[in-house]
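Presented sequentially are two complexes of chain A, the first with chain B as partner and the second with chain C.
Right after this comes the complex of A and B.
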């Protein structure tokens, strides 16, 4: 009896110790705590909402599949920047100091990302940017790798965008259409100024297209008739529009005024399906370069499934179709968590960075490599431009574009409201054209 | 002076109790307090309403940013240089404007801010960073607690300095200019000289704040400094706190910064700014002389009760 009692107490004591050990073990404690992902960016813009929604769908899928990092659920917390530079810094501080996030996904524009980069370097939080394409940020990673190695950008940087746009200028605008002169209409923003620099340095000399006038307009402009008149007076072969803020305004007025000069360029509003209604169904004839995927982009099965989930979840709430950064956020979340699974979490930072650099998510369509969510590694040289793009998405800007996705495509809005990709040829689903009133 | 000592002791003990997240909010509040005191030194007392303080802050910010970023000048040289450039540059631009009063003065100073916004993008954009600005500027100190102590010390020193200044005859003259400049002139005082002096002091404070601010942020961009929202936050902090006082702008800066940040988890997005605006208007409606007036009357009542009791 005494022995039995001893055995009973021994078993109970062992069980208690075991239970205490299990309950207090890091794995079980961790299972209770969610992995906290922070979103930094605008809440109100279509682009900001696209990043939020892309991240939300990926998080729902990952949580539904049993969670991450040993069964932990992912929690998303958001900090609004209002696309304001100082608010961007406050938002990053809030996510880091108050919310103690493990990973940050960003839908910030150029100067807002630049504003919070010093905070990112200070807090050393893994961060993925899905919207800004400023090559200067990638150069900071290249030049000061140890300081900025936690930063990744999964939209092709503007240098790569411009390179392919020069090809479009040569192949379509110059060779096919025979255009040799342009007037640039540029909005007065950081983005507009940056893109103009690239157009000025690359499109003109390399595609043999001369910029005969450069008009900068305020983003609050409501009447574009004097601006279009001034542009038309110079008698260019086409107008090059650089517009990211309220670009549906110049687009719809271009159609309404039936400006007798073709117009192409960068028109951020035209990236989304809402563009058609925003212009009062007058956006036909607009063409714009767009990072990918975009409206009119032929989709593979996995991307199509994401869009279906998006449409089912958000319905008629704009943006009714994700902008490119919505796709980037969706796939970027998978990149980040795949890397974290292999590295054992987001900390230690170096382990996660190494695994993120090893990420290479290839998506095929009809047997062809269609989309690629991987990253340029430190020291790796892009052959065409002969420069490094450390931690930028692994784009391909050399024909026949079989080593990755192109940095961009050119999309065309037709006058019946339909859309197509018109360049590059591998991704083309339609023909580049000018509005019907232009003879 | 005892009040400043108590306030200083309280502020210096806060890091013992508060989270680093809250201290970060204090840092931003301290900067806004410095800018609001700078504005109040000129406009709150003399009645010359300046809309150009972001212009002064920007001169200092860009001077130290360019010196450190491009030339590697150490901060202990670039920051004093930035303050001197702000005082000289600001005086050169503002001095002619001090001959006019009222709306005209306000509009002229607003024009300076707008001109500077465009100049930084057009003139030598490779040096100023153009529309995107410069990022990766060196920092004075790193982390929430060191930055809290740094900004708190500077804010307190400026506050005490201004408090001592207004207790002199010059302070009385400044307030008199705000009430009736012609009367001050006819009493034999050179009002232009007094205005120039207080403007230089105001520019110096804006220069100190602006130079430290950009090194705290680690980046500078035209949209961050030459921005109407930035200007309004400075003005509103001074007005809600209590213009023409020293403590008022500090109270206003703390109130506005904490209100906005504490609303963040509950009302993410644009709604936060709407509520912020509504609360600010309500406060201003019920306390047109600012929060400081409520604080003063409360203190008087309490001391009165203590006296009678």
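Right after this comes the complex of A and C.
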């Protein structure tokens, strides 16, 4: 009996010690607390929703696979910027101070990202931008690495976009179509001005295409008749459109007016599949530069599976197909958490930054390197442009594009509503064309 | 030059149509209805839903859009304006808030994404090498018909004369047996339908988006200030001045400055002729 009593007490004591150990162990404490990911960007725009949904699907997959960082679940909290710089600052502060997020994923536009960058540097929260492509931000990381090292951008910056687009100008517009002159139709925004500067510097010397007129228009312009008339009067071989705000207006009026000059360039509205219905099925003949993946982009198995999940989950709720930043958010979440697993979390910051810099997610299609979610490291020089792109996505802008994904593709909308990638050749699924009314 | 004349004429017709409903409210009710742009937005969205989502025929959809304008105009008057009748500033603030709320409602239903609409009359043709859309030409024609009908209505019908009487002197009209509140209600309904009709043409020419109420409101204010508060003819003339000026600025100076000259014109008119070109107290 005495032995039994001793045994009983021994078992109880052991159990108590075990329970205390379990309850107090870091693993169990951590299991109670989710990892908090903050989304910053617009709640209503197609691009904002793309980032949110890409992140949501990745989080669902990671949680379903047993969680992260020792079995913790990921929780997503969101802050709306309404695509406004002041709201952007407030949104970042909310995520940092109220939600105390571990990591931020952004679907912000250029100006908004620029507004919250100082806050990011202050709070030192690891942050990944999926839409902004402003090279000036990358230059800030290059020039003030210690201050901005927590920032990563997984869309190719506009300098890389423009470089490959000039190749398209040379290979397709100049050599294949025989076009030598253009009128640039540019919206009056920071984005428009920045892209024009690059095009102005590169198009003539690199592609041999002369800019014979440059028309800047207000983004609230409702009547493009006189603008298209003015452009056509200069008799260019084509119109180069730079439009990121209310792009449907010039697109649909171009079609309605049947402007007798081909038009290509950057038309952000045409990035999404909803463009066709948004233009009242009048967007045929539109072509635009787009970051990748895009509509008309041939997909590898993993990306295809993501799209199937997206379509099953969101159905007909727009955007019915993720914009490029939706893919970036999905793969970016994997990058960020893979890095966090190796670094032991998002803090200490330096450990996470180092591991994020080591991230290199390569996705193959038919044995070819198709997409690459890695980053340029500090001091690494991109050979073609001979400059640094620290923490920008590891793009490839040198043919035959076998060291990474290209910075951009050119997509073409046809008059039956179908789409294809027409450049670069490795990714092409269709032919570049002009609207049927152009002789 | 041919381009400026033709495109200026077409754009001016649209601007006149946009502004006339706004002018009526100010002349009769003596208030600035800052929710006027919402009638335009509502007309566009109702027509869009009817034609491009529900696949209804164009003409009934057009009538439906007009009806939506009437309902919203009447509701604005009954729910908001009537309560603040003696306080024009409260009316301005409340109608502005209403416009912002309606924008949020549109975002909630349709998202922020802009959409293009099919034209009422598809197709185009060229005159002197200038491309003319049949839709905008039709809008100009409708604009002239509507404005002409409105003038006849105002001057030749009993209700029209009552509207003029109230616009001249509401108390005097009441003494002579006219119910100013009923006349106000009719005027708000008229303004609503005119705004919604303008909205269908404006949206089929440009695009639909939740912020589309702002530009027509600014245009309407500019037209009313330049034309003269309370004058339909003045509004018509001002719409043509502004329309031609915008096209000429775009063609000959800079597309980026088209709105700047309109604003400059407003300032000049306010300084030189504060009552506008044909300003008067009544319609």
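Please note the rule applied: the second predicted complex is superposed on the first by the 427 of 439 C-alpha atoms of A that agree within 3 Å, B and C clash if a C-alpha of one lies under 4 Å from a C-alpha of the other, contacts with A are read in each partner's own complex, and residues count from 1 in each chain.
Please note the rule applied: a contact is a pair of C-beta atoms (placed from the backbone, for glycine too) under 8 Å apart; a residue touches a chain by one contact, two chains touch by 3 or more.
What you see is a predicted model, and the numbers here were worked out from it, not measured in a lab.
Superposition model on chain A: chain B and chain C are shown accommodated side by side without a clash. In the overlay built on the shared chain, the residue A:193 is in contact with chain B alone; chain C does not reach it.
When the shared chain is aligned, chain B comes close enough to touch A:134, but chain C does not.
Within the superposed three-chain model, A:257 lies in touch with chain C and out of touch with chain B [touch as defined at top]. Of the two partner chains, chain B is the only one touched by A:89; chain C is not. Applying the stated contact rule after C-alpha superposition, one finds that A:44 touches each of chain B and chain C.
By the touch criterion stated above, A:282 is placed in contact with chain C alone, chain B being left untouched.
Rounded in steps of 10, the angle chain B-chain A-chain C defined by Cα centres in the superposition reads 50°. In the superposition on chain A, no contact is made by A:56 with either chain B or chain C. In the composite built from the two structures, the nearest CA pair linking chain B and chain C is 5 Å apart. Touching of chain A by both chain B and chain C, each in its own complex, is seen for residues 44.
Listed in rising order, the residues of chain C touching chain A in the complex are 3-4, 7, 10-11, 52, 107, 111-119, 124, 130-131, 133, 135, 202, 205-207, 209, 215, 246-247, 250-251, 254-256, 258-259.
Remark: chain B residues 19-21, 24, 28, 121, 125, 130-133, 135-137, 139, 142-144, 217-219, 221, 223-224, 227, 229-230, 261, 264-265, 268-270, 272-273 touch chain A in the complex.
Of all residues in chain A, those touching chain B in their complex are 43-44, 78-80, 82, 84-86, 89-90, 93-94, 97-98, 110-111, 114-115, 117-119, 121-122, 134, 136, 140, 144, 147, 189-194, 197. Within the complex, the chain A residues that touch chain C are 42, 44-46, 188, 215-218, 220-223, 225-230, 246, 248-249, 251-253, 256-259, 269, 274, 277-280, 282, 318.
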